[in-house]
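These are the structures in question, set out in turn.
Two complexes follow with chain A in common, the first pairing it with chain B and the second with chain C.
Now for the complex of A and B:
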């Protein structure tokens, strides 16, 4: 991942650098594609979780890293995606994952457009509190309306009921779990790649540059003629849609959706992933999400004091690596190559 | 076709019995099932250890109820290993997981245990929010599972309607609310205004539903005057307590459990909640016994999840209990709760099933053979006879509850052994093949529908 990180939000995209980035990205992609052949199925499952969360963090970071807005309510979009899929499968009896993705994205875009419309009227702490409050409205709906949402039991979405690629891949019959693990990994990997490319294009587009201009100096940006509020709103919706896509992909993997993914600590986890990886870099949230996923799983598996362990590790990382894993790695690389 | 009858004769038909203290007698040399030595196994048995995954609350407010599960499990594993392991050859190794990590993390953890750690069997689990999530995963992974608790009816009614690999050893949840209702109706039959405080998740709603449907059959005119739904894991109950008191109830019913309950009763004492109303809980004394202080109100119905309390049956009336409690105390220097009983006998029941299967097929029996022995098994436990129903893999035993009392013998408050209430389980839970929700009715559970349809209404 280190080579990929040489392209920061502000780096040039000219010839040689772009070629290097392309080679590095391809190498990483090939590595990820070959991985399930060498590691045990559980590691594949874990990496799928990591990639899903990476999409969420990538979306989140469009707001934090590129627009300068700290959202503390991204659980709302993740959860909206997840619950929409659950409703589609349970109430409409749909089996196609593609249909779930379309429906889920429509649901998330709707919710994030609505929430975003309210939230982008403010910045800094006010923005953060608003996003948090709105996400908790959704949480309490999912929690309290148990006859619709199953309450804390959540809604089960069995992978065996779903098909991929318009029905080409199904998981009927016994022993299908292994097949699902592999097929779904590649499915998620493909969408992760797509999401990463799309996000990369967005942040390097004139629109992305405008967001960075707003982040760096709001007043100056509006004097240049950038409609600050509208740009923030669009960024908010895109960010929500990415996180929603992660929620959609997470459901079949997890097998059920519960109000936990709408609760505020989950928003906190998304924030932490981005900070851990380094929110000033493009690849930071990706690295942070995958790392955090491993870290939490390893901590829970190894000790009953997992919360303490996790806390200590995270505090240490933040103190020692304030620019995140990727930011620090980049600094080391640039010092070494100089 | 509602049959009208009076409460006393109705309770008589339920077979509700009140226990009386037993005289202390010398213990005749009786060996319970869990302690019997087994005949030598047939065929060659591999000596590779058996890997068990045990999940329970090791942290958080749930731990005071859940941690005894691990202690019961470890005690049984140590006993079995001391005799060479299962079939004399295969020792038990246990890896643990903290259920407090949350449902989603628990699903991940079960997958890790099976796919990465290659466990042979999965046991434990306390919360009813977790078994409906983990049951389908265990079936997907084809991992033999005996849940110790997480006893929601929903698991077999909906989540895993045709279990193959999953079993559960503690009483089904609907029995809990019904047991509490029977005990309350028998003790305070004039209580009509009922206030509820339940944790806001499936267990709380299950307790509420089944208490009310059963109680209204026995106490005509009973009504709900207040409902409080604190979130599971809450330690501040002030708002719920004041709301309950202001509704001026005759009887307060609660299914708050674990560390949550300890916090609830201590706060309720300060508000005098127990002074003006009767109190009945489904699970107050389900925690590790020493977690309940002597300051707990006496004479309230302090349920034990309708499963087990370590002082009952007292003396030597049920040696399997006396011996279990002695062993447990010797190992852990504390007394067991119903989770300890469940986890301990899970392992011994599994051991017995493997031995039976071995006598039939020889060698190490495959899972199918073990499952066929577990289905329909009748087993002697500290809590009495346990029956594993073949159709839904659910354990059934006669339900118990009791009244809180301070006795000099213990540093904590206990259930009064002279006032235990025992109810035959088949009188308070739906029989095999009773229609499940979604099949001809939309009631919360099969048992709820069964009570509604078949219990007579006591005359006013």
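Now for the complex of A and C:
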């Protein structure tokens, strides 16, 4: 509901609100661009991971927050992106990251179009179970066909083999890791910004409004003449493509892709991120993903039982703060300014 | 031929365990409309508790003083403990969420899964726990020219008894009537004076008991290891999707189908054995969303 009210609010006040949003977004972007100069490389890497996951959660939330479909199988698209990159680098011997992105996106769109075609026939709990079952098909294939996928060992993708911007930036010679960390951060930041803008345009377009209408009342939406199933399918493919892009960008950073990113608890983590930030808001998943990344890193660093810690956080969140970080913050701000 | 019989027995053993897990999952969904993602972890916890109790008792008792019967009697403790855990979880974690969309049900049970998985690591450590002494002392029976562990047959019998017992309980007792009434219409049941809150606790505890029992009976044959619950949950999902969420007969037939396919898969197409199962579940959801035995 919060998303609905905010979007109508922007539509009503028009230009001024949009300008404010633009200024805020630019300020955040400038802040993010200056950050690597201030913090040490480790923090830069951590933030890169956070931004990558933010793209994944942004894509996921097009389904949950805007279309009202809870997917428990988004690991499938993340993993497809990741494995396609690994195949391209290992089997085709390609070096260009742009080529990897194109190939990876093609692979994810294919898989999510196929899976989506099947899944959008159902809603609610059955949709969730279907997405989960299909993602597990991919997981079991990656797990069992070890002569293709390396099994649990996964496939190694060395960053040194890759070049950015069509070969303009490469990582050969000494000190290459530092250069990679630095360059890759800006690479991811640029794509993250692009992804965010594209997603913002999508959810504010007539198509996005139609999705929200479907979410709020399916029957009415179909009475207005919206083809519900096709809209859901397209939303599914877009959502999968965004999450796939995250998977693609994640591989060089991680240096390795394993079946873990296809296993269903990883889908649960993507859901967790969106809920942590607040899935009823546009910025929620972004904030949630970055926060989750820091939270998980801190938890893993401080205790062997990090999963227990995160579980407690999730349970507390669901019970006490169901609207997430951004949702709660927005409610507090609006109470304050009133 | 002997191999064939042994494979059939193996899949029956597997079906019995799977039925216990899936029946609990299905019962909880049928009554409370909650898909419990932590169900597999409860099964794993049951396995750990039983293995720990039996292992501890066998280790501490004077040699031979405990005996096979004693160890077998200790085995269900895991199930009872899990039922108690369930009776604790429902009022504290699930009850506040019934009015909220079902996304939150999935989320909270996912959080519970994370907690339980690590709680097991914390309590029992990373080394697998087994109650293998039970299986060893039961010996084996000859089938053709080969030997087959007697314990596996006991598990098949337990599975059968559990299925019959649950059926009797749900369709032939007063409590079963109350359970089914609540499942069909919660508000109507409440209006007729039933204590719905209590029915929910009981239903959830029974579901958890089944999961715990599944863990308890499996642990003499296979050691309890970390991650077994997460794996079992997805298979239990496949079972209830094939059979129909909320249907007891469905859980039984689904468990038989899944375990037969799996046994055949391991024999003939090991690479795609799991993929085939998930694809069957997908096909069933597409053709008959309510499963083979589901109603609404």
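Side notes on the structure shown:
Just so it is clear, the second predicted complex is superposed on the first by the 325 of 338 C-alpha atoms of A that agree within 3 Å, B and C clash if a C-alpha of one lies under 4 Å from a C-alpha of the other, contacts with A are read in each partner's own complex, and residues count from 1 in each chain.
Quick note on the criterion: a contact is a pair of C-beta atoms (placed from the backbone, for glycine too) under 8 Å apart; a residue touches a chain by one contact, two chains touch by 3 or more.
If you're wondering where the values come from, they're calculated on a predicted model, not measured in any experiment.
Which of chain B and chain C touches more residues of chain A is settled by the count: it is C. Judged by the touch definition given at the top, the superposed model places A:307 against both chain B and chain C.
Touch criterion met: A:64 reaches chain C, while chain B stays clear of it.
In the overlay built on the shared chain, the residue A:18 is in contact with neither chain B nor chain C.
Touch criterion met: A:72 reaches chain C, while chain B stays clear of it. In the superposition on chain A, A:121 makes contact with chain C only, while chain B stays out of contact range.
Legend: residue contacts after superposition of the two complexes on their common chain; A:177 is shown touching chain B, with no touch to chain C. Look at A:275: by the touch rule set out above, it reaches chain C but stays clear of chain B. When the two structures are aligned on the shared chain, A:130 is found in touch with chain C, with no touch to chain B.
Shared contact residues of chain A, touching chain B in one structure and chain C in the other: 143-144, 304-307.
Against chain A, in their complex, chain C makes its touches with residues 35, 37, 93, 96-97, 100, 102-104, 106-108, 110-119, 121-122, 230, 234, 237-238, 241, 245, 270-275, 278-279, 281-282, 285-286, 289.
Residues of chain A that touch chain C in their complex: 64, 70, 72, 118, 121-122, 124-126, 128-130, 132-134, 136-137, 140-141, 143-145, 264-265, 268, 271-272, 275, 304-308, 310-315, 317-319, 322. Contact residues on chain B toward chain A in their complex (touch as defined above): 58-59, 96-98, 101-105, 107-109, 111-112, 115-116, 129, 132-133, 136-137, 140-142, 154, 159, 200-202, 205, 231-232. Within the complex formed with chain B, the chain A residues making contact are 40-43, 45-46, 49, 143-144, 146, 151-154, 156, 158, 160, 175, 177, 254-256, 258, 260-261, 296-297, 300-301, 304-307.
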